[in-house]
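The next part holds the structures, each set out as structure tokens.
The same chain A turns up in both complexes below, where it pairs with chain B and then with chain C.
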Partner chain A sequence: MSRGSISLAAILWLVIAFLVLYPLSILLTESFKIAETGGWGIGNFLEFFQDAYYLKTFGNTLFLSTLVLLTTTVFGVPLAYILARYRHWGKTMFTALILLPIVLPAFAGVFAFIIFFGKYGTVNLLLMEIGLVEKPINFIYGLHGLVFIQSLHMLPFIVLGLSAGFTNIDPSFEEAAEVEGASSFRRFFTVTLPLCTPSYMAGAVLVFLWPFTDWLTPMILGQVDFLPSVAYINIAYHFTDMHRKYMGIVSVTVAAIVCITLFLLARRWVEKRKYTGLSKGTTSEGRVIEPGAWVKSGAYAYMVFIAILVLLIPVVLGLAAFSRTWVFEAFPTNWTLENFRLILLESPGLIKNSFLFSGIALIFGIAFGLPVAYLIVRTRVWGKDALDFVITLMLAFPGIAIGVSYLLAFWKDIPLARYWIIMPLALFARRLPYFLRMAHSSYLQLDPSLEEASEVSGAGKIRTFFSISLPLLLKGVLVGVVMFFIMAFQEISTAVFLYKGGWETLPIGIYLNWHRGMEFGIAAAMAFLMIVITFILLLIISRIGGGVLKAAWGAGEK
Partner chain B sequence: MRKKNLTATIVTVLSVALLLTPIIGAKVQAADKLGWVGPVYKELSASLTKGFKAYYKKTYGKDVDFTGVRPGGWPVAVDKVRLWAGKPDADIFLGAGAPAHELLKDKGLIVPYKPKNWDKVPAEWGGMKVKDGDYYWTCFAPWIVTNLYNQKVLKKLRLPPPKTWNDLLNPIYRGNIVHTLPYASGTMHEAIEILIQAFGEKQAWRYLRLLAAQLARFSTGSTDTTNLVKRGEVPIGVAQPQMNAMAARKDGYPVMDLLPEKTILVPEAVALLKGAPNEAIGKIFLDWLFSADGQKYVLEGRYFAASTDVKFSAWAKQGVGMAKHAKKALGVDSFWDLKVGFIKYDVDVAKKRWDEVNKKYEHEIYRKWGKLKSSLFLIEEVEEEIKEAKAANADVSKADAKIKEARKLFEYDGKFAAARLAAAKARALLVTP
Partner chain C sequence: MAFIEIQNLFKTFKDVVAINHIHLEIKQGEMLTLLGPSGCGKTTTLRCIAGLETPEEGDIVIDSKSMFSQGFVQPSKRGIGMVFQNYAVWPHMKVYNNIVYGLKLQKLSRQKIQEKAQKVLEMVGLVGLENRYPSQLSGGQQQRVALARALVGNPKVLLLDEPLSNLDAKLREELRFEIKSLVRRMGITSVYVTHDQAEAMVISDRIAVMNSGNVVQLGTAQEIYKKPANKFVADFIGTMNFIAGEVVDVLTDTNNVYVKTPFSEKMGCTTPNSTATIGQEVYASIRPEDVEVLTKPPEATENVFKGKIVHKAYLGNFLFFFVNINETMIRVQVPHHLPQKEGQELYVYLNPKKCMILS
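Up next is the complex of A and B:
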């Protein structure tokens, strides 16, 4: 243990303490404040679990989580299997399409589906036109719509985890089962699926946590009795009713505790179950099957179906972006560039803010992430695992909790939230795991002997880093950088609590224009612009070659 | 030594990154500044920003950074100002009607200022105070509390527009109405006040319970309500500012407004916040807002202008785009030419029970919405069965008495579980009298 690494660790811990531990501890202490007496106690938590309303929202959220997990699993298992195992045309394209929702802002999807599946949306209008139905069908308002939209958004996490699992299984295990005479059905359920459970679990836990994080989708669909939405209303609509505010904070805390606990349990479970058979390692492609014609066309139909649902988001928003009023028409007829003129010329501030905040967050991310990755992989400093752990935990933390805790922590004593720097800081803290995972896994893949060779030959640590490590790390780091940027770019849950007039980002602009204003066209144009920017960034990632899959997932997790 | 260098580099990178940011920030802060907080819609704030910036540049030769936050509807915006407790993070309270401003005046959170052209705003109209005699607040954009409907969708559903408050309770509209919560929208809050002041406390809450059962859903705010009506997702929107229908029609949506028989004027007003960091510029803004130029930008922001000088037809000729739409929407040449009867509205009472009304609605109706509906639907079912039984000459007297009790428990006491139970008993009495 060198003195250098210790001081490095100390600095990094300071940053974490300031940007993560301090605000979260404030959040936690605030939840124990009692409004009536000004004292402290567990009264708020007791009330939360005794009050019929709060208890109901908690139950609703658990129920929704279960439904979303079930739906994503039922639809995700065959999809992952097809993607990983079948040899087919357009594999990369389908994979990219199906993974698209990860990088799209969740609420963009909601708006697209309202235009398409709403009471007087495209589908209903077409159905009524051909006389199939008299009155519009309610496709999305209600629990079913919520499950549909959240499931589509989270489907990639299941598919990613599982297809990685299917690919990584040593083919010899399945071949052995085959040789022993197991039917393909039996083989799938007794060999393949169990071997994949760890990678499935890693995705499943994130899916399950989503309804504890997503406050906006339920609100847009008029279903607010869910934990994050109620927390949002309590905190964002009420300021002086202290009891109410504390109950909101309690809701956030409860959601955060559920998230963290489940995340940790899943991690432990995965680690315990890591199947390490006597494997000679697998091919990079894994086991690939050439399916029969019927199965193949079925598989195609299935993939196309899911891909169309995903594609609806950019296509519908794109159509809406180029039309001023698209309503009561199955497809827009009134085309215009006015929306883009308004965003690009009249209020370019939003785009500027988005790039500025995400960019600065990215600088923080690199300046912090690389040293952390170095520390975790290359040194044996005490507490490095804890550092890794804390940062990874941010993955499970609801954005709303980070937003609220920043507002509480950085208003009075450390009045950072009065300055716009709070925006990139918050984005940095919230999205850090994305960069770190990438840098981390790149470091892992970098053979230390290369660095050692350089040092033995007399190059200093710095020189080694810049001339040996960095070039070799570059690919992974770049993918991490772009992914981090994408995720910071589409962030809203945290930013919505912190923004002030003039600090609005594109996602906040979409929210304000659609939900609080009356400009569908402008909101759609903003969303479309975000999708285009994201898509370009994704292309960059795929050019670099890291693969969207790994980037989104963090290749550290297997 | 070398390891130390690495640490040093990293520290340098971090600190340079941190140092750079305020420099970029400093550049932005060269212009004068003015901040607003309030519930006004985006279109109005965008229009005022545009107009005020141009005016400031022309008059003072300097840029002004005019930014603001809309935390939500009136109650949310008022609460934000209360939270600041005299150390506001803005200069101007922009928007909201009389009770909101009276509340802020009471708490000492706004200060008096008499803008130029203050005299061009009437002191009172239809029994409603339009500006504060002590200059604390002044209305810049008057409107009336209305309900909206989507003409196209109602036609498609073969439903007539609901003209009165009671029409909305007609079962034919069930599932086709939307409104928001009184804490999210000042208009909804005022609608509840209207009902309480016009029909009395008891009848008003009975009405609100019955209306809640008619709703398709609750919206998250008044703009959300307008949006749902515009797109036809829910064809009838309750408690909406009058100009929302005009704005929607201007954008090509088939939205019409209805003045219910009991309603009030809302004097959407502006005030200077106590402890405003940019008070001088705030005053410049207020003077401008009531000038002919400022009032035009109010109209272009899709609110009706308040100045008595306004003639929509004259403005239309001068190229004020919204003037034509305003004239068409109101049917007169100035807002103040409207002939409308209002209820007797007591601002003081409204101000005093501000929080209480919001809370009561949320706790007694909104949070029990599911129970409320199932309870009423059961009562209706049993009532139907009693009718059937009566037609078949059965003895229904006991069941009838019980179901009336259930109705009373539901409508007047708001005891939904007890009402359900009574309805279930009534049904049992129908089977074995």
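Up next is the complex of A and C:
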């Protein structure tokens, strides 16, 4: 362990201490502050768990989490199985479509489904037009709508984990069960599914935590009795009422503690039983089945159904974006570019801010993430695992908890929040794991002897990094860069606590326009714009992943 | 005077001792092989010479210059060339750029670089493939690129870490001789790491046999085969029959000892290093090819034992018998015209001069 890597580790720890540990510790200490007396104690927490309202909120959130996890599981297991195991046409396209919600902003889905499934939304109007119903059906406002929207948003996490699991299981496990005489149904439930539980759990925990994080969807659907929404309302609207403010802080803290605890438990559980690595010699494709005609058409119908639900988001927002006064009509009739004109001419600052803040956050992310990846994979510096641990935890941390803690930490003693740099800094801290994970995993795949060969040839460490490591890491790093940018670009939960006039980003603009009432044309146009930008970035990822650098790596590289 | 001196080298990984205070001297122009099973410390020793690992104690002196004790010398400043087990040919660079990477760092003129590259390409037989990417080459060709890259800068020392282990058997055998003649022609001092005893015997001037962090024997291939220092070496190099026993008599003037074994109360053996003491537990050891097979009982009876053929294997140029003598199995290599079948009885003669005691 060289002196260089020790000082590097020290610098990186300082950054983490300042941007993560310090604000979070302030959040925690603030939650122990008694509003009335100015003293300290666990009074806030006692009150939280004794107050019927907050207790109900907590219970509601747990209930919602359970429902969302159940729904995503019930819908996700067959979907993952179809995607991983069946040989079918359009596999790549369907996979891409079904995974799309990961990169779509959560609020885009809410807005789209309100327009489409709302009281006087497209579906209800069509139903009434053909006379099937007299009064509009409440598709969306209420717990069922919340479950639907959050489930669709989180479905990819279940599908992604499980289909990777289904693909990576050594086919001989199932073949052994087949030889023993187990029916395909029995085989699936006694061998395949249990072997996939680790990859399922990894996604399931993120799904379960989403209702503890997502404040926006319940608020827009008028269902505020959930932990994050209550926290948001208490802090953002009632900051003058000290008591409510502190109950808000406690709510945030409770949500954060739940998230971190469950995340850690799931992680430990997953690490204890990793079955997929048990045996060697799996084919890259896994076990692929040619299903019968009936099963196959059923599978298609099912995939198309989910794909349509996902596609509704960009399509409906697109329709809304290009129309004005789309009210009480099944489909818009008044086409216009007015919304875009308003965005581009009257508030171009939003777009500029979004790119500027995300861009600066990205530069921080790269400058921080690459050295961290290097430290974790290539050195034995003391405390590197803890560094990795803290950064990974940010994946589970609710955005509003980071927003609130930044507000508390960087207002009085260190008045950073008075300058716009707080925005990119907060985005950086919140989205850090996205870049680091890509950099980390591509570093792991980089054989150390490639770097050693360079050192032996006479190159120093830094030269080796730039002429050998970086070019070979480039693919992974670029994918990480784009993912980070997409995630920073759509960030709202943290930013909404920190923005001041003139610092609004696109997501905040969408939220404000929606909030102001009938400006959803503009909100939809902004959301549509964001989706388009995200699509372009995704296209870049797939190009990088697929073609551009292929020549250098040859056909052997996947 | 040794060109490379490994002095009291000691290194651990977590709690495992990888190198346990070893000493080694490598002469100028010599090809020395570190041979041993996986985990014996051979690769770690090599990586210490390269400067890719730092020992906790001890030093390495290359060409009268200390590598550790007077300040750590970076791998890039040691004047070494190294061939890695998995070649470590950079996949994003063409063959030519792989080879001249180090030369460019030396700030040589373009013409000089081209000259050197051309020469080494000819040496390893890669002319015409300069503009290929490594992924367009076969395993053997990639190995040649790695070799060319290691040799192009005229290193003082060439380090080879199991360079042939990823190749198929036929190619491996070919390249052994090629590497040997190439390195000998250039006169580079080289250290070769392998776990393949045949490879070590073919390629090296001297072999250092390593086991759990120690050098257990150092010598030429012949010395190590004929006079193994202990049971481990004898077992690792070639095939050896071990008959457990106890020393009952020592004749100090002739190096002869008598050992009580399952075969006889007093079996004649020699001791290679005349250190046997009465009562010592030893293995009477003899190579399969040194066992003489007799179909009839001979007149002399010392070290002649009756046994039964349990297995018979045809191995082309000779036969292998597994012979059961008093419930102990020994392996015997015999000319293939011997007519005996499995289950038949025969007599074996363990020549006391060739039957050494090891522990």
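Descriptive notes on the structure:
Simple rule for what comes next: the second predicted complex is superposed on the first by the 540 of 558 C-alpha atoms of A that agree within 3 Å, B and C clash if a C-alpha of one lies under 4 Å from a C-alpha of the other, contacts with A are read in each partner's own complex, and residues count from 1 in each chain.
What we mean here is this: a residue touches a chain if its C-beta (ideal position, glycine included) is under 8 Å from a C-beta of that chain, and two chains touch if they have at least 3 such contacts.
Predicted, not measured: the structure shown is a model, and the values here were computed from it.
In the superposition on chain A, contact of A:364 is made with chain B only, not with chain C.
When the two complexes are overlaid on their common chain A, residue A:219 makes contact with chain B while staying clear of chain C. By the document's definition of touching, of the two partners only chain C reaches A:449; chain B does not. By the touch criterion stated above, A:62 is placed in contact with neither chain B nor chain C.
Within the superposed three-chain model, A:193 lies out of touch with both chain B and chain C [touch as defined at top].
When the two complexes are superposed, the chain touching more residues of chain A, out of chain B and chain C, is B. By the document's definition of touching, both partners, chain B and chain C, reach A:460. Shared-chain residue A:257: touches no atom of chain B or chain C. Counting contacts as defined above, chain A residues 460 meet chain B in one complex and chain C in the other. On chain B, the positions that touch chain A within their shared complex are 2-7, 9-11, 13-14, 17, 21-22, 24-25, 35-36, 41-43, 46, 65, 67-72, 75-76, 79-80, 82-83, 89-90, 152-153, 157, 183-184, 216-221, 223-224, 226-227, 230-234, 247-248, 251-254, 355, 367. Across the interface of their complex, chain A is touched by residues 50-52, 74-78, 80-82, 84-86, 88-92, 101-102, 105-106, 133-136, 146, 149-150, 153, 159 of chain C. Listing the residues of chain A that touch chain C in their complex gives 447, 449-450, 452-460, 463, 467-468, 471-472, 551-557. Within the complex, the chain A residues that touch chain B are 2-5, 7-8, 11, 15, 53, 114, 118-120, 135, 141, 219-220, 222-224, 236-241, 324-325, 327-328, 334, 347, 356, 360, 363-364, 367-368, 370-371, 418-421, 424, 460-462, 465, 500-502, 512-520.
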